[in-house]
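Working notes, structure below.
Chain naming follows the written order as A, B, C, D, E and F, and within any one chain the residues start at number 1.
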């Protein structure tokens, strides 16, 4: 069960409205790597975690924080849209190119649908959806996805940081950047701890079926694109990070399988056949 | 530009048809972590890579291999659907519960739409879409996403491996598992190499704005869920993986921000207001 | 079965083209509360209505009218796009900021895909889809959804009315506003009539299981957000609209359930477990 | 900002696993009228509410409760999936029709993707998305949508209540049904209060442009479907619920508009034209 | 404007219920090539048609008919679902494998969401959406798409025809098959007529820029897959259907372009770069 | 299995950057008729083709070429975005209307998400998805869809050709236009060849059930829209293209079916019923 306080986790006070930036900021709310994604990803991981204790508790701590990040951004968007020329006539827009430019860069739905508020969509108006998250039950696989999500999230935040010079907006984004730094380090540390605790001892998720898979095919990178420099990387020779395999680079690979072909069709499906 | 050989990268020969498993196997074709995802993720990363040389060449090698993985799975699905009772009458299904069970577990579209073939959808018939991939231009952020994708992919393959006992299907999945092992190690190695080459020297993506973000907020995990064990993890104290920050755990956090509130509405948007 | 007359239900004649407004008007065609939604919502409700007579006939009357509303808007969009600078070169756009502003605010797909016509999408280019509608078979639940849809639709129409000063466009929108007024009143009246006819006698949909549900939990609003004013509303004390329950406001609620936890995992699913 | 307690709002303890019902229960998590929808709908309405006080506080109280409803259902699903025959071989399934039937009715992704847990999808595996919600800033329009959503939600819960006889599942659903009863009454009461407070004095949302719209078209229901009984309803004559209009029923309506036609095309768009 | 008669265009009377087939039949309602697609495709083509006369009138005739096809199928689905064991307990399902099989093959949403009715979704529960249609303004391009859609539609209808032996269902499908035959021939005839009328004189859509495109690249099929038989087809030599080009087959094609590379990144976007 | 060469199939070198055009060009990458669609459509058709030989080989030749078309366009987009004012401050944009106009017309995600690269989305930012393709196993139905896709693709390319005057962009588009011309002729020729080979002897797909369908309903076009000119077309009288049917035009059609009605509801589904 959850509780809510009316104070934001951190300030979200722009110095002045900026409807074009409000449009872009939707990426951090409803984009594939926005705050709705980490909220739902961590909530479902927590609810789906079978093992009580520190991992589950950490996931729920951070999940709960992330709901508050959606809140900070939603409030910021509503404030950035204050007085937006949503209701200006087209005539005025065409007479004043500056207003026209602003209108061109706005999200029409923030005015028409949301009445000057944030929406659960990204910066192109595409809705957040449940396929943006993963919660597999395997903590190594999921923490790696979490670290990846925080990396993309911080990258997008950094790009947006350069697209505004409003001190109030930058003030909030400096907080967000810092949380994304912390969360990257935190999930990486949690991956180390899974290994230290013996829960997921190797780098390979899941730590299973390693004896059944074809070991010879877990070694060789196939040269299938004619740029030759891939053979110069650290992945071309030497031990793999799991300590169990060697890397090799296969310069002239040949297909190992049979001819790609489909069986004769069931006549009642009317596939063309001779 | 690409070229194609009619031989599969590896065998995809089931011992006998199994339409229920053909349905499930769609997850590895068109699911969020299926082969279409890694194909398109790596292709767009490669095309979007600004830096010629070993990283770009590696990405294109693996991207090109992954198209062939979609091919192997599509051929496997077509073969598993051979003679599927797609055209059995409902009457027969209800008289014979075994056939009924099979029909119940089939994907109706594999018969009605694809004529007994694979489709670019997941195991619930949801179509693959472009939001499943990321190609940000930042190789640290993207390689972390790649390692995460290969981990989820191997996990799903391992689960499917336990849902069949067809030797021909298992034969192919042993190859797939091995490639997913290799690709996880490979992307982890490439992350190490980015650091060794000085291109992305820390664990934080992007390696930027670290001096501008609020350092004090890059240290503390907030205790916002009442399970107390999170304070016992390695993420509660000590140095962070980036070597630049310490971890602390804030047991009684208070909101730092102002009241969540939206500005007075533009009257022409008809928001309710006093 | 349906028939069509080539005359529009009402005039859709703009005084002059306005491609930026044509972009916004898509919201009323293919948006979540646009005319395609009420068309399909009412059609499926009518087809799914089990009870011949006045309710079913009303639904089909209005459903049939709504197809004509999609038509009016589609024709309006095509006329607003006449002569749109779709084919202007980028060079010209950059030299002339007014044209640039217009181009910035246009929907690129109205030109590239539709050749200067309307599309079944909203004002951000997101396609209309079948999840926008509901047709549950329960007329109380569905008429309430219909009144809600007409309210959102009229709200969006009113906002758009303020975004143009073209007399021809305003002429059409004055008709649309009136129909949305009528349809709100009509569905509210139909809800009253369901009660008067004894078909759905209370305000609760469905009128069922009221004796089996836990009555004590149908009374209390839980104070879970620290703003205290909710206790001052009419929903905090007194009788509920259904005449069967009292409202109370629970100031210090405690969770009643057990610990949120998931069972031990099946080992073959490879969830992390100790 | 939010906080979380590890106890559920109410018990979610099934007597025994039931993977087929776990599949269906997804409708209440990620369906168009599931708990994720009311969670996000109320959160965005609260964040977007411009008027501090009882309405905003009520919205945030209920929004916060709804996150806990998603949690209860997610935990219930994980428990219903315990020991699900996810890893049974197809061979076994075909030999044992009972297991086959169960497998046929399961969601393959609950096993393959979520490792035996809940997902943010509906009972057909379609992901929850941001278009399922509305938060317009107009409280009359939004509260009407809220009452409609709770009605559909209670209806679906009631149908699911009849599809199980597990006492533990029914115990939880009796709580959910009661909350949906309360929430319907609560939003209806809040609509009354908006009127009593003079904020939205009529039944028409928004309370605006009533003098500009064409009054004569706010009165007549058009007979466009040949069932004649619609003229017998309360909506055919007499005063409308807003107290401002009369209802009339137009038995032989004629189209009022001009011919539906599109203007000559821009030649560079290559529309076919004579 | 449209009008509706309560009689179906053709009978839709199944001999007895069949919930599994009702599930499959959704493909013809809301699938990519179902009746909603042709309805909306033809409506938008008609509204977007700039040229009054026989083409526009034909499109509107057929569009109007197609709405009635959605209606026939929706009524058929509601009748096939009559008495479906939607409310059977799971216990019963597991005791009786025949009922279990049926439940396994049903669409859970037809019961839970639609109360035993049809929905605007396909046979996997995926919603119909506006991207399924095309209305480009170019009649040659669009009529070709129409003929293609009717072909896929008839193919799916034919497959479904073999999946039932209910005489009432087959009776309706014999009508649908016939209409799909007619409509294929009709659109092909209309393409001939466009040519005869001199509106779109060649087989290439659009009939434009044929002098500006690189003629030498409009002749040669590139051999990029190692199966050699493609050189034996009629497309390898001889005149092309447009009468303006010759076919040739290029056995050893080489890439003509420059190296695939992206420009140096803007530093503020934080792409990895040396 | 596939191989890749680093050279593009044809040059993709713009003379100078143009971020507005880069936005529009996304239509040809990830739009419904873009290069991702033909790539995946032909790949799945090839993998699903049951008949070895010239048809399958041709499909795979062209499928493999199309992957290279996605590549050309992705590289072109990255180059068009070089130096795009993605990081300009809003302040600057508002002071300089030309930059503002450009920003207004840009895709925000090409900067924020992709770091200045292409994405698998269309010109409105909507993601490519698996429902855009068809691969039915019936070559007549599929080749007709292929010819239709190439026609829409060439039409969109032609429109975009008029929206730029960059010689380098036009150079590439002249190649693309030529390929789309060739591919239209090629699929039309392949349809002729299917007939010549006796594989699909008539114009109706599938060539089946022609004796079982109701022949009288395969003849008459129903006059359901009041424009009368449709009776003047070649489709109103005379032989149909399949040589098997005559066309007739039914001027006063009457519905042939029974009343549209749904059966009484199962009481446990709570549909409203008297």
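We adopt the following convention: a contact is a pair of C-beta atoms (placed from the backbone, for glycine too) under 8 Å apart; a residue touches a chain by one contact, two chains touch by 3 or more.
Note that the structure is predicted; figures quoted are calculated from it, not measured.
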{"item": "Smallest count of steps, each to a touching chain, taking chain C to chain F", "value": "1"}
{"item": "Given chain D and chain E, the chains that contact each of them", "value": "A, B, C, F"}
{"item": "Self-contact between copies chain A and chain E, residue sets same or different by half", "value": "same"}
{"item": "Chain whose mean Cα position lies farthest from chain F", "value": "D"}
{"item": "Most remote chain, CA-based centroid, reference being chain B", "value": "C"}
{"item": "Centroid distance [mean C-alpha coordinates] between chain F and chain B, Å", "value": "27"}
{"item": "Separation of chain C from chain D, taking each centre as the mean of its C-alpha atoms, in whole Å", "value": "11"}
{"item": "Per-residue overlap in chain E, given as positions that touch at least 2 other chains", "value": "1-9, 32-33, 47-48, 52-53, 55, 60, 63-65, 68, 71, 75, 78, 86-87, 97, 100-101, 103-105, 111, 113, 115-117, 121, 124-127, 129, 131, 134, 136-138, 140, 155, 158-159, 162, 206, 208, 224-225, 227, 255, 257, 260-265, 268-271"}
{"item": "Interfacial residue positions of chain C with respect to chain A in the complex", "value": "18, 20-21, 23-24, 27, 31-33, 97-98, 100-105, 122-126, 155-156, 159-160, 162-166, 224-227, 255, 257, 260-265, 269-274"}
{"item": "List of chain B residues in touch with chain C within their complex", "value": "155, 158-159, 162, 268-270"}
{"item": "In the complex with chain A, residue positions of chain D that touch it", "value": "1-9, 30, 36, 40, 43-44, 47-48, 60, 63-65, 67-68, 70-71, 74-75, 78, 113-121, 127-131, 133-138"}
{"item": "Chain F residues within the chain A interface of the complex", "value": "1-6, 47-52, 55, 86-91, 93-95, 97, 100-101, 103-105, 107-109, 111-113, 115, 121, 124-127, 136-140, 194, 199-200, 206-208"}
{"item": "Residues of chain C that touch chain D when the two form their complex", "value": "5-13, 32-33, 46, 52-58, 60-65, 68, 71-72, 75, 78-79, 82-84, 86-87, 111, 115-117, 126, 129, 131-132, 134, 136, 138, 140-141, 144-145, 147-148, 151-152, 154-155, 158, 161, 174-175, 177-179, 181-182, 184-186, 188-190, 192-193, 196, 203-206, 208-210, 212-225, 227-235, 240-242, 245, 247, 255-266, 268-271"}
